[in-house]
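Common to both upcoming complexes is chain A, partnered first by chain B, then by chain C.
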Partner chain A sequence: MNRRKLIELVGAPFAAFGVAVVVSSIVLVLAGYNPLDAFDAMWSHINGTDALIDAINDAAPYYVSGLAAAIGFKMGLFNIGVEGQYRMAAFWAAVIGAKVSLPAVLHVPFILIVAMLVGGAWASVPGVLAVKRNVNVVISTIMLNSITVALVALWLKDSHFRYRPNPADLVPKTKTLDRSAWMPDLNAAIEKIGFHFPANTRLHGYLVLAAVIGAVFYVLVWRTRFGFDLRMSGANPSAARASGVNPNRMIVMTMLMSGALAGLVGMGQMLSEGHLFGDQFPTGLGFAGIAVALLGRNHPAGIAFAAFVWSALETASIGLSNVEIPQEIAKIMQGTLLLSAVVVYEIIKRQSAAATLRAAAETTRAKALEVSTA
Partner chain B sequence: MTATVPPETTNRAAGRRFALPESAALRWMIYAGGFVVVLSVLRVVTGVNDLTAGGTFSAALLLAVPILLAGLGGLFAERVGVINIGLEGMMVLGTFGAGWAGYEYGAWWGVICACLFGALGGLLHAVATVTFGVDHIISGVAINIIAPGVVRFLAAIVFVGTSGGAITQGPRISSNTGQFSLPLLSGGNLFGWNTPDPLQRIANKEWFLVSDLCGVVHGLTNGVAMYTVLAVLLVPASAYVLWRTPFGLRLRSIGEKPEAADSLGVNVYLMKYLGVAISGGLAGLGGGILVIENGRRFNEGQTANRGFIGLAALIFGNWRPGGIASGAGLFGFAEALRLRSSPGADSVLAVILLATVLLALVSLNALRTRKYVAAAISGAVAIVIGVYYWQAEVVPTEFQFMTPYVATLLVLIFASKRLRPPAAEGKPWRKGQTT
Partner chain C sequence: MIDSTAIVLRGITKRFPGVVANDNVDLTVRHGSVHAIVGENGSGKSTLMKILYGEQPPDEGTITVDGTVRSFKSPRDAIAAGIGMVHQHFMLAGNLTVIENVILGDEPGRKWRIDVDVARARIAEIGRRYGLAVDPDATIDELGVGERQRVEILKVLYRGVKILILDEPTAVLVPHEVDELFTSLRDLTAEGVTALFISHKLDEVLAIADAITVIRAGRTVAHVLPADVDAHQLAELMIGSELPTPETRDDTVQPETVLALRGLCLHDGERVVLDEVEVVVHAGEIVGIAGVEGNGQRELLDIVIGIEQADSGSILLEGEDVTTLSTRHRREIGLGYIPEDRHHDGLVLEAPLWENVMLGHQTRKPFVNGPWIDKRAAIERTEQIIEAFDVRTPGAEVAAVALSGGNQQKLLIGREMLTDPKVLVAAHPTRGIDVGAQAVAWDAIRDARAKGLGVLLISADLDELIGLSDSLLVIYKGRIVAHLDPARITPGELGSYMTGAREASGATR
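Our next item is the complex of A and B:
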């Protein structure tokens, strides 16, 4: 049984990765490129310290987004709306964060709390609609994603929110946050232990926040009553209901938490990089988060690994320009990795279910034999 | 016993004061006629002539068809019980197929390849969901992630180096699928004879209702791309296939109760594969029309979430071809108004006035039936929108962008009891296992 668990845990992701490598190799060969050249170029790019630091920095928002999706998946609730929720939260965090002036120790937490509140509130809309009007969460979150894009674009043009010191300024954006709201990077702390950063590289302070969120996620889901109810609702809804879990309350609570986590997704960009919300604010983090959560099987450690692989593939693909192979092969690798991973996980799930059944049958037969011989 | 119609369904229609005719085609004509009457009244009241101009309606048709095809695609998947969130990705695949084959071999090959590429996406979805039992939403999300990557990769290989082509943009497609105008009414060609165009003449007279009706019909029947004609014909074709053929009965039975279909000897896996592949093919066609008729070339991000709007049209239309068509028509009309609105004669503002009036009527009706909360809510919203109407000069384009999504949410919130999705939708099925 333990060996089976180990194979599941380690073997499955590697099998999926293998499939992704094979599929992308076939695609490359069909397109007339040498796959070995491609993988070599990718490897030699990611093998440098600064590229690795980029990959780690970029992995952090994927990680938080993955956690936001995972908490819903844990109870079989598909919050496809992380994409919209983090956008909504980042916009209001930027607007409100720029309005207040606070000392640094308070300013960063203040913005984080605003983002969590906005994200949670916006995510609770589909939650309440699901409970009160029986509206499918997948559909309502998809609709709300597009509504969010339009709403935020509308507000960003509004003179109340748009920062436009120079009327000739055509790109809509909010006011840049005060210095007190900038998250310090980790370079100084890490250089103390003897690691030297190459010039112009920064390890974002947001990573610490992401790690803390991961730890809280673990405790919340595996070490609290709420987490137990959550997992039970996902594994067996009728058993959960029978044991007194209120499914409606669970849906709203889970959406709130998922949204609050989603609110933090954009904070890496907000507090460690751009310090404002504008047209260029990254998109797609929410959908990547869904992918990362599935790859990491909804476990904080797995999601961390998956988020790193996801962003490492993206970073490594930059190396492909040296050998004139389209960088988009990385996107194909990500996609096939995701699809083959979910297929492999599904096959394993079926096999282990069959194994459990077989084991149970064996035990019953052994017991029956015992009884009959006695 | 099994074939008897429950008595209340027959009596209900007779019991109503204004019973709608039984024939679906007649009913739809009445709806469409009512729509034109409302619009022409609105035109006279607000003086915005664009509301019933032929140009608005031909633009609306062009914008509605991609949504329509995506919606029909969703219909075929969901009727075999497979949720297809991947419509957007399949449309993206279709845009590439059309952009590439349309440029290389001509417009009609573009249409065929758009369909084939979309169907490949559908097959991928079928392999994941039907054979391996992966959750439908997960597989759909994965396809939406994979498709743009695949297309970008292919575009980098195929389009870079062609004239006017780049990684985000294909070369211009020189041919099209041909145009069609209705002979005798809209100036079409009949056996080499250029027939007159009476509808256009009447439309220019600005007679109330008559000119409006002629303008609308003229816009919908003059110079329509053959691709669009094909797409529109797919609506009755889908309805016929799904509800009037044994094949359609099998498809639908699998979306309702796969065990029952299986016990009667229907090959559930095969039917599911076919349904999802058809779904992908239709979505691909929807992407293809954006390339061949709307944009005349492949552009990255061309689908602009129309796959999701198609999904919205599917729900809005209650999983029926006619409903999907009306949903797609409404959404396309909203988009056309946005493209044609200008300060001073903003057609969208006119529609907002209509919304105010309708909401006020809803509020009064709720008051009459003593639903005071509903009356208060709709009354308050009517007042807010009314105030907005008197205040605003131009409606921000974002409002029209939101229209399909908000409309679908409202339908889901207020009319979900009337919606009837296929019963076995989204449930994984394995032969010999009842879950």
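Our next item is the complex of A and C:
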């Protein structure tokens, strides 16, 4: 049983990765490239401390985004709107965060709380619509994504939220946050234990936040009554309901939490890197989160692994430009990885279900024979 | 006909790793007979039928149909050989007509056009020949349960099948529908159709079968003729030991009311679902509600549980008005619930047993401690249930899906009884489970009743309903139409009240 679990846990992702490598190789060959050159270039790029640190930094927002999606998935609620929610939250966190001046110990938490509140409030819209008007969450969150992108672009372009000290300034952006709102990096702490960072590389403080969120997620979902209600609602809504779970309340609560987590997705960029919201603010983190949650099977440890693989593939793809192979091959790898992971997980799920059935059948059978021969 | 055997199974063995589901099973079925196969759940009869219907290949043994040895790769092959299955759960599209359902997957006509007239003629011909009367243009939704079953049978016959496997065909029928089914079966066999009849209900088996095969623990333990055995002997062959009965003898009814339903009404659009329903359950009393499915009893239970809200009327639980309170609140007061469909409303199949045992108690000690789940306490409680209710499982960490239906039901009943509820709402508590599990369920309900539990019981098994209940109400078209004494009524009489053929005085109080 334990050996099976281990194989399941470790073997499945590797099998999926293998399939992704094979499919990408086929694509590369068809396009007239040597797959070995491509993988070699990717590997030699990622195989350096600075690239690795980049990959780790970039994995953190994917991780948080994956958790935001996963908490909804856990109860069968498909919040596809993390994309819009994190953008909405990041915009308002930037605007409000720049308006206040606080000491550093308060400024960072203040901005985080604003982001969570905005994200949660924005996500509760589809939640309330689902409960009150029976609107499908998938559809409403997808549509709200488009609405959010347009709204934020509008506010950024043409409102007093835009920071434009010089009228000739063409780049739409919010005001840069005060220094007190910049998250410290982890370099100093880690160099104390003897690791030396290459010049111009920083390990983001946001990683600590992401790790804490992961731990809280685990405890909340697997150790608390709320998490129990959440998981049961996801696995069998009508049984959960008969047990006393209020499905409407669960939908709104889960959307609020998912949205609050989504609000934190953009905070790595906001507090550790750019310190403002502009048209250069990263997009697609929410959609990547859905993929990462699927790949990591809605478990914080799995999602951490998936987020790292996802971002490592992206970082490694930069190396492809050295051998003049299109970087899009990394996207193909991500896609096939996801697809084959879903297939492999399903196969393993069926096998382990069959194994439990057999184990139980054996016990039943043994007892039945005892009775009939007695 | 020279060869009088329709099916001969010889030495059928089916192993699943570590388990032998069928062990050297022999079966000979005569042409034009009704051959009953009886056995407890998990005895291997469904595996045997799956093998015969081509859903699973046997590891050893031969299947001979009409004198030819066959091997089936899929049900398609079985149908081609003349074997068809009438499933227990109807596989019909409710919004399509009878014709459309019957021809689905085997439409006459060519390419894009379906020749409805040909289909109609053939269905009419089959109906005439075998005495299966159904309006071919009615939609399935308009039909009663008995008629739907006839459509299922028509569907199979339409494919040219001469051997019918009927899986628990009477489970969903009321007595007069059972009689109609049996009449049809006799007509069918007179026309040369062979029927394999799978059932738990031994009286019915004895009434209809020409021959009976008993299966226990994967082996054929007896071939008997109905004339040579009675139901009691047959049941003992089946389980290999003494029999339980549903009878509750001593009177434990106490004066205080634990559940009172006052003037409950429910409408679904124009349709009246419940009409001024009044029910009183005292401590130590089992109140049975008899009714043909679809007469409002399901909705009534949903309202008592709090999943559905009545349009008017009130519910008093332990003297407290809970009409507007949540399911959770009602459960905390002491409401237990055995749902009609344990897979749909009772259990989370992929979750481990201990989580399933928590379900419904997840706001109470010892399962939770403030906001925290106490897994150790939950496992301890689960092990108590496994022990006390004889749940056959490798352990408390196993997923519920791994248990057989009877064991799932025992776990569920154990769970509901564990926290000493004041009122138990039980829908078909022993539906589709074997005699052993049935005895455990009845004992549990009787023991709790002796300790003052009030039970609201719904069951399609009229023997169970009459045997367990202290008082009996009949619901018909959403109205309580009769208030009967279970000590003085037979299943046949009860059946006629249920179909509205009889109305009792003093029904509407």
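Note that the second predicted complex is superposed on the first by the 372 of 374 C-alpha atoms of A that agree within 3 Å, B and C clash if a C-alpha of one lies under 4 Å from a C-alpha of the other, contacts with A are read in each partner's own complex, and residues count from 1 in each chain.
Convention: contacts are C-beta pairs under 8 Å (C-beta built on N, C-alpha and C of every residue); 3 or more make two chains touch, one makes a residue touch a chain.
Because the structure is predicted, anything quoted here is derived from the model rather than measured.
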item	value
Chain B versus chain C as contact partner of A:Arg231, first or second or both or neither	second
First, second, both or neither for A:Gly335, with chain B first and chain C second	first
Touched partner set for A:Thr356, first chain B, second chain C, both or neither	second
Touched partner set for A:Asn47, first chain B, second chain C, both or neither	neither
Partner chain in contact with A:Arg223 - chain B first, chain C second, else both or neither	second
Touching partner for A:Ala239 - first (chain B), second (chain C), both, neither	second
More chain A residues in contact [chain B versus chain C]	B
Which of chain B and chain C A:Asn134 touches, first, second, both or neither	first
Partner chain(s) touched by A:Ile290 [first = chain B, second = chain C, both, neither]	first
Shared chain A surface residues [contacts with chain B and with chain C]	none
Touching residues (chain side chain A, partner chain B) in the complex	27, 31-32, 78, 80, 129, 133-136, 138-140, 142-144, 146-147, 149-151, 153-154, 157, 287-288, 290-291, 294, 326, 328-332, 334-336, 338-339, 342-343, 346-347, 350
Touch list for chain B against partner chain A, complex	83, 85, 124, 128, 132-135, 137-139, 141-150, 152-153, 156-157, 167, 305, 308, 311-312, 315, 396, 398-399, 401-402, 405-406, 408-409, 412-414, 416
Complex contacts: residues of chain C adjacent to chain A	16-20, 42, 216-217, 240-241, 305, 307, 326-332, 337, 339, 344-351, 355, 358-360, 362-363, 368, 371-373, 392-394, 398-399, 401-404, 407
Residues of chain A that touch chain C when the two form their complex	223-229, 231-232, 235-236, 238-246, 353, 356-365, 367-369, 371-372
